[in-house]
Amino acid sequence: MRMDVAIIGSGPAGINAAITLAKKQKSVVVIDEQGKVGGKLIGQLHEDPKDGWWIGKQIAEQMKREAEQVGVIFLLQREVWAIEPGWSIKMSGHEDITASYVIVATGAQENPTPVPGWTLPGTLAIGAAQVLNNYERVRPGKRIAIIGVDPLAFTVAQELKLAGADIVGIYLPPEGLFATEKAKPQSTIGYLSTMAHLAPNPWLRLAGSMAKHHFIQKMGSRFYPKAGMKVFGVPLRLRHSIISIEGTDQVEAITTVKLSSEGKAVKNSEESIVVDAVCISGGLVPLVELASSCKTVYIEELGGYVPLHSPEMKTSKKNLYVCGNITGVEGAKVAMEQGKLAALSIVYKMTGDEQLREEVRSQKEEVNRIRAEATITFMPEIMSGRKKMEQMWNEYVHESRDTHDIR
Amino acid sequence: MRIEQHPILGPLNNETVTFTFNGDVYEGRKGESIAAALLANEIRTLRYTAQKNEPRGIYCGIGHCYECRVMIGTKRSVRACITEVVEGMKIQSQGG
Amino acid sequence: MSMYMKAGIRMTSAEIVVIGAGVIGTSIAFRLAESGRQVMMIDRNGIGAATSSACDKAIFLQSKRPGLHMDLARESRNMYNTLEEELGQSVEFKGAGGTVAIHTEQQMLFMKKFVHDQTQAGINVSLLNQKEAKEQQPILADDIIGASYSPDDAEVNPLKLSQGFATAAKRLGVEIMTHTEAIGIEKSNGKVTGVKTSKGVISTETVINACGPFASSIARFSGVPMNIKPRRGVILISEKVDPIVNGSLLDAQYIAAKHLSGQQPEYGIGLSLGQTDSGNLLIGGSREFVGFNKHVHSDVLHAIAYHACKVVPALTNIRIIRSMVGFRPFTGDGLPIIDRSEQLRGYILAAGHEGDGIALSPITGCLVRDLLNGGGPTSRFLPHLTSDRFKEKTLL
Amino acid sequence: MDCVICRCEEVLLSDIVRAIEDGYTSHREIKLKTRAGMGICQGRTCRLLLDQVIASVSQGPVPKTIGIAPNVPIRPIMLGDLAKGGGKAK
């Protein structure tokens, strides 16, 4: 099969790129290893202060219908195992797809936080719990503990609660190798303050205004009630961490320990709490493996290694574009706009049409506008991360202008 | 474990499929993943590890960690978390 | 806290410096230390991190041509019998025998002669008919016409081999500097005086180049030219499966790819199959001259997979988790160079084992020891492993 | 308390710390020594954790290794699927 564009990943970025391309009369195929379209979108469920309930499953289904109407071809349950210049997309089952352009929109994966006992069945990455709960409609457990304090943990806690689960608490990860800062009450309060604008969340608003200054952060961690505070009925336990998960054949309990305001475990404060599931939230990391032939750069503020890319979403490899979380961890709405931007950039390159140049320019602005309006920010310094990327791209273009075709 | 009633998402699809896991017969909902179908039947342990014989189940939920791998017929290392359960499916625990 | 983490070198002089910590370098360091020498071993990466961790695990005797090649391999194979005891740890050595599958009448003709010559040379190898071959190796395809089998073929875990030699060498006082790249050889009056490394200079009068396919780059700054070129081999690694291979398995096309220069299959494809203790299958492989290009085009993987499925259809449903790319040091006659340099005193080359590094690792340590110390049980081989055997024909 | 780091190969934190202390300091060396990252997920789950252990034990910065050798196949595919592209020349 010969296509104008092949898109890897059917998440919000990939699918919106596909719709945009198809509307511009380009032949486009979307490949995904999952059987359903939508990527991480399918599990999302939260109340947006402006637009009401955001039901990822419905949005994904709607986008899929729209895509099919405009002629997008979906190849699902195909594992892409290599992308070779030309472009040749190698898939399980050995179907041959060649495409003039490729968009890699493989999203992000979760960064694990290992805890003794975390291999026991019943311990899930928080994203897995989200999909089971909101998409599959199967509760991950009856009594659930959450490890890690971040936007995804808050969101999923609320979603589990909505579905009738009993959340025993959101806890800090154990102190140690893997969670040095994340395991301290003080720095966690500091981090929470960066999410102060998380509108649906009253406690965060409080923490945000409380924790703007270092001094107040310190006070906050000292005066943070040892029993925790409830955020929409879920106890947020910033003075406790989970030190192990117990069970023989599956999760049966967690062991928690009290923390001093400096984050040190208080002696003899271990407590065992019966649960049947534990969710671990360790943050998201861009998933770049299929774009590893591109030049990649490390930008902490974007979530780690990301393919070097222009503000128009093109990479160092000719005719290879990226969009969505592979470029930095952000919400679905930003990903969708990035998808549209990548698509318009490709159409502009294919046609050289001046009107498209204008569309690309205004879509770049749209991405920035949506980013500025986002109600959930996963990476607090995302704006400066994006600036760094633009600088790095400009440097790259400058350095390689004689040797590379970076158009 | 099934969320029959949901304040936002409304009623649940009631179309069922029948499948087996390690020879035992179970009922799942049409369109759901193998992992979801098993969890709905309170099955969390999908296999035991090769060296230490430790129980493992679904972990990442997006097909990356391969912890939930099962055998379907002669097909090895099928990821329960991203593979749809279908009528008559014969699922087996996979060693290793 | 590890001493290797800190930059800089603690020891600034050594009696002998071994460059390269693969299965060859570590074996040499161990044997030299055992004979009382003070040795330092450096590697630009880590122990066994290059060719020695990108190879198959077979120790085949029956694939060798009778003569010197065979004698070396046999002697080395015998050393394996006591190696784990000497090293004080397991290297997952197993004398589980080896099978060579035969598919075509043409291969049968070639293998009949090959087996005949080997039997004459005293190798314990026999031809099996189809039924016997399937009994020996039940996973073979039904359309094979026979096989050759030797109970003396064996296998080892290459990762454990270099680590085992290194650990034992360390115990005998060898200092191992990883992440330390040799960037020059210091000379004076036609003699080695030191090795310049990325972490400082080590003064020494004896340096051993055990860099396998990378030996030429060291040779370049030693001023002593040499002819070893990289031959790329690709091996597929499978997920863990229950034990399905008895010992090691090759097919006759592999033997042909190895020994017949005229009729090379595309990409030098021939099956080699082994299974590690952990359950992973190593499915080889290819032989190509592509310089040090690590990028493998999918056509090569397709070709390896296609051939493997043809010889062993039972592999069809097993998943491949990655590919391994290794560069084998090719000399042209299948034998390594173990020799002192005539131009530069104190410079010794011990490289060029191509695909036999694992099989010849134990004996290579002894060869170099005997070369340096004089006499010794392996010294009879040394006159045949000199570099001047290539004087007439330049390979590069 | 000890804890599994590489879930596929069942490698413990203590195994990795011991390897680093024995001089196996880089990502690749630790992999070759302990098998961490050698399993079916090819280090997708433990790759970043290994970096953190290395940094912690060596008291250095977290190595910003991309940890992604361009190693195909990027997904574990069946040998039979891989074979379908072969045999054209024959």
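Note that the chains take the letters A, B, C and D in the order they are written out, and that residue 1 is the start of every chain.
Note that a residue touches a chain if its C-beta (ideal position, glycine included) is under 8 Å from a C-beta of that chain, and two chains touch if they have at least 3 such contacts.
Just so it is clear, the structure is predicted and the values come from calculations on it, not from any experiment.
Any chain that touches subunit B and also touches subunit C is listed here: A, D. Here the chain at the heart of the structure, going by C-alpha means, is D.
Subunit A and subunit B have Cα centroids lying 24 Å from one another.
Rounded to a whole number, the gap between the C-alpha centres of subunit A and subunit C is 45 angstrom.
Subunit D has residues 7, 39-40, 44-45, 70, 72-73, 76-78, 82, 84-85 in contact with two or more other chains. Of all residues in subunit A, those that touch two or more other chains are 33, 82, 90, 109, 119. Touching of two or more other chains is recorded for residues 239-240, 278, 298, 317-319 of subunit C. Viewed as a network of touching protein chains, the structure reduces to a complete graph with every chain in contact with every other.
Contacts from subunit B toward subunit C in the complex involve residues 50, 74-77, 95-96.
Residues of subunit D touching subunit A in their complex: 1-5, 7, 13, 44-46, 48-49, 52-53, 56, 64, 66, 68, 70, 72-75, 77-78, 81-82, 84-85.
Here subunit A touches subunit C in the complex through residues 82, 84, 88, 90, going by the rule given at the top. Those residues of subunit D that touch subunit C in the complex are listed here as 9, 20-26, 28-29, 32-33, 35, 38-40, 42, 57-60, 70-73, 76-80, 82-87, 89-90. Interface residues of subunit A, counted against subunit B in their complex, comprise 33-35, 40, 45, 53, 55, 57, 77, 109-110, 119-125, 127-134, 136-140, 142, 162-164, 249-251.
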